[in-house]
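In the two complexes below, chain A is the common chain; its partner is chain B in one and chain C in the other.
Let's turn to the complex of A and B:
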């Protein structure tokens, strides 16, 4: 089977923040791919660089942050080499984004209708009347009744769930190839969370949009994701299909994450938690950045940094404990070469 | 909105009553008006006759009642300097003062809005440092000094603008710059700090993620959100310009209400002073009302009912 070109191909992305107190490497050589129509999640604790990764893709990293190295290929075009103007043409059109806080992500001074039609007028050659018609269609599409009336409502007149639906309408108005959702359900009630996830699943099928979800909620991952990228301290530590990752996590950090999720059929007085905290860039350990918190860490882990290596057909891990896997991979390569 | 307006206008009545009482009391603060109006060698009979005709023998509250009754009809008595109805003299000067206030505010706004936005969008850059320095300087210079310096430079040395008076558009330039500079300085600082805050808001990021141009993001999505404090400052400054352009009007011999008020105070022409204070008070109330209405037009979340 011929391997299709991935829709999004992030290669060795490095995004640093140059602050007065020194350089903070927020994203440190991240690579992953998203195929057409695929839903990929980036999971990790707060501060692991998952949001900065998504902003880097969108070209929305704010100063003093800067993409230092790497490539972000969208349909083969390297976004890091595009001019501001070219990026603006893609943003909202070919790729778009929804944010964590629906309550503050909409401008309070404009009607929701205006805010949706703004992106349509910007990227499509339509008359005002057509833009309005399209906007109303989008409001209906995201499951809000009375679209005509909602069109002229202001954000403060809508509930949090409704506002997130409006954000989704803005993001999908121009039928983008890639939708980045930065913790889209974190700020919402549990019942609303499920509705928003259902809506995203439905629209994904309808519009054939690839989705990158940034989340720390493994429930969201299990619900709608095809593949998972686990990030820790600015690096990818494990990547795999959702099935493999939940069934057989390879990295001790992924294991810890799964452990610390409460399960309905187990009664526990105390929830499991990974000891310690994510290291700050100033005291990043020499070897594997997870080694100070890892129960299995050996001397090699504290000395040398492991590479992200393929351990089976769909799973990659960056851990010395799977060194053997790495060896066998080398052997495979060698046999393939001869 | 209509109900709100009616309620607000009704609320003005008690405010005006309090102001009228203060204005009325001014006469007593300034000493016996009879002594002011009559020559020093006036006889005791003349003094008594005038006291009687002015109603000054009546108890305080009766006098206040009479004053109020007249004031409601716009009658603040006769100016003894001009021998004319005081209110009509003041109202004659009002348009000139409004004209100067409007041009000064326009000047301040034209300077402050782009400069404030620019220095916020380029925080800590040369432009920002320059704007901050210029703001401190602009705020620190006293009006009378700035006015005189402008006259010296642009009128006396360069002969670009007339020294004083009112006539062509050229006459208004220097007094408007004099008054507008300090206001521009304050507005620039205010807009800068508000823009810095608003630019961090999530909805600004949303606008950027739509692929909107920086200028549209800045003006449409960010600047509109920091208009409320800007409108507040503009309303306050406009009302203080209407009431307080005293020194500048005198320096430039601008025939407005401020100059009239200074002359009236010097000559103890109390009828004019009272009429001026009353007009200024109404201007302040009106500006506040305008600001409240503008808030509502800017921000749909503000409800008055």
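Let's turn to the complex of A and C:
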């Protein structure tokens, strides 16, 4: 069977920030793909480059940030070569994004109805009246009752959950091929988060949109996605299907993340914890960037950077432990006690 | 076990209302009923978790216990003594026994003070130690919370979030308190750092025989650390029980919905989980619903719930619930209470 071309193909992406205090290599050679209709998550802790990766895909990196190298192919077109105007046309139409804080990403001066219809008018050949009708349909689709009334509300009149629904309505108004959701529920309460995740699952089935969801919540990942990309310090350290990754994580960092997460359905006396903290660009270690915190690290790890390599049909990992082929970390001896 | 002993802290009928009748609203007397009549006991050596969604009154409860806020009504008995009756000077003395750890390690530390002075401050201001003894105690505290002595001369901005939280913990420990109110101590931290801090709090509790009130909105962390758990909704404690009781056999429909909303990091079972998604938004605490405050979102509400406020009653040994129709064993199976 011929492999279908992925919808999104990010290749060796590098995005740096050139600040007064030096260069911050926020995204340091990231590659991954999203197939049509697939839901992929990028996970990792604060500062690992998740948002900068998504901004790079959307063409929204602002100075002093710059895409230094790599390609972002959407349906085969390299977005990094497009003009600002071409990108603006693409955004909202072929791909759109929802952000973590719905209040700051909605304009406080305009009604939510206006903000949704604006996107529709901009990208579709419709009359004002048709746009209004479509807007009301969108508001209903994201599960807000009284759509007619909500149409003329301003963002501050709505709760956080409602604002996030409006953001989703705006993002999906033109039926994009790719939706990027950067921490779409992090600012919300759990009962509201459950509503939004439920809505995203429903819409995904209905619209067949591919979704890139960015989160640090492994629970959200396990509930929602098909495939997971794990980032650490600007690089992809592991990638795999959600089932494989949770069942048999290949990278010590992934394993550490999974084990240090307290879980509501089990009980441990002591949580596993990864020692130390994430390195800053100024103290980035030689070799594997996880090596100072890694319980499995050997001499080679501290000297040479591992590459991201395929270890089985569904998983890729960047770790020297798998140099000679796939091993299971569950059986692997940890060299350093934590 | 603990229930036969004297509680260390007992809260009786505690209310804290904030007056918001200024400015725009000046014509009507209006107040936010942030805490609206709660009763809780905390026993020596235990951890009482307080959980609930944003704005339910968790922090207000904590701040009122420390008298950072004055209660509107009710009693706070610490070792049998009513804290509200103490003069400011006497209360200052009491703060040796009752300390607090805050959510935001970034804003809760004075940016102009060095780590040594930050940790020495409570000792100095209570004249608990000076000179060599002070130095010795500060270094011991640093070691206890895992901050290297060599960092004593550094400023807070030079530390990561987790390290700053360790400094906050060292400050809270300095005067050898009996009770520590931890207000979201790990919510702002990354997963791998969260588990380090949770483990540290656990160890310190054993080592110094501490009693904790642990406030959080994250159910997994609450489950991990608490012996008993109080669930708050709009200024009321709606359920209070031993940890395992509460998580395995919740009796309040809100608790049931809340537990069901938590995404579980286990993809294998994602399709066979039955979910109860709480509908609607959190009502405003300035204008709580009539009868049972939860009735606007409760899947089981009937006429009685809309008109009559349920009592906070003990349904089983130590298991209190505020609901006309507490859930009987097994989800969603209802049984009348009258």
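FYI, the second predicted complex is superposed on the first by the 319 of 338 C-alpha atoms of A that agree within 3 Å, B and C clash if a C-alpha of one lies under 4 Å from a C-alpha of the other, contacts with A are read in each partner's own complex, and residues count from 1 in each chain.
The rule we apply is simple: a contact is a pair of C-beta atoms (placed from the backbone, for glycine too) under 8 Å apart; a residue touches a chain by one contact, two chains touch by 3 or more.
Small disclaimer: the values here were computed from a predicted structure and weren't measured.
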| item | value |
| --- | --- |
| Simultaneous placement of chain C and chain B on chain A, clash or fit | fit |
| Which partner, chain B or chain C, touches more chain A residues | C |
| Touching partner for A:168 - first (chain B), second (chain C), both, neither | neither |
| Which of chain B and chain C A:218 touches, first, second, both or neither | second |
| Contacts of A:7 with chain B and chain C, given as first, second, both or neither | neither |
| Partner chain in contact with A:308 - chain B first, chain C second, else both or neither | neither |
| Touched partner set for A:261, first chain B, second chain C, both or neither | second |
| Partner chain(s) touched by A:271 [first = chain B, second = chain C, both, neither] | second |
| Partner chain in contact with A:190 - chain B first, chain C second, else both or neither | second |
| Which of chain B and chain C A:52 touches, first, second, both or neither | neither |
| Partner chain(s) touched by A:105 [first = chain B, second = chain C, both, neither] | first |
| Shortest CA-CA distance between chain B and chain C [superposed frame, angstrom] | 6 |
| Residues of chain A touching chain B in the complex | 58, 60, 84, 87-93, 96-97, 99, 101, 104-109, 115, 118-119, 122-123, 154, 156, 167, 170 |
| Contact footprint of chain A on chain C as seen in their complex | 53-54, 160, 162-163, 190-196, 198-199, 202, 217, 219-221, 223-224, 247, 257-268, 270, 275, 277-279, 281-282, 297 |
| Chain C-touching residues of chain A, taken from the complex the two chains share | 45-46, 159, 161-162, 189-195, 197-198, 216-223, 242-243, 246-247, 256-258, 260-265, 267-268, 270-275, 277-278 |
| Touching residues on chain B, where the partner in the complex is chain A | 201-203, 205-214, 221, 224-225, 298-301 |
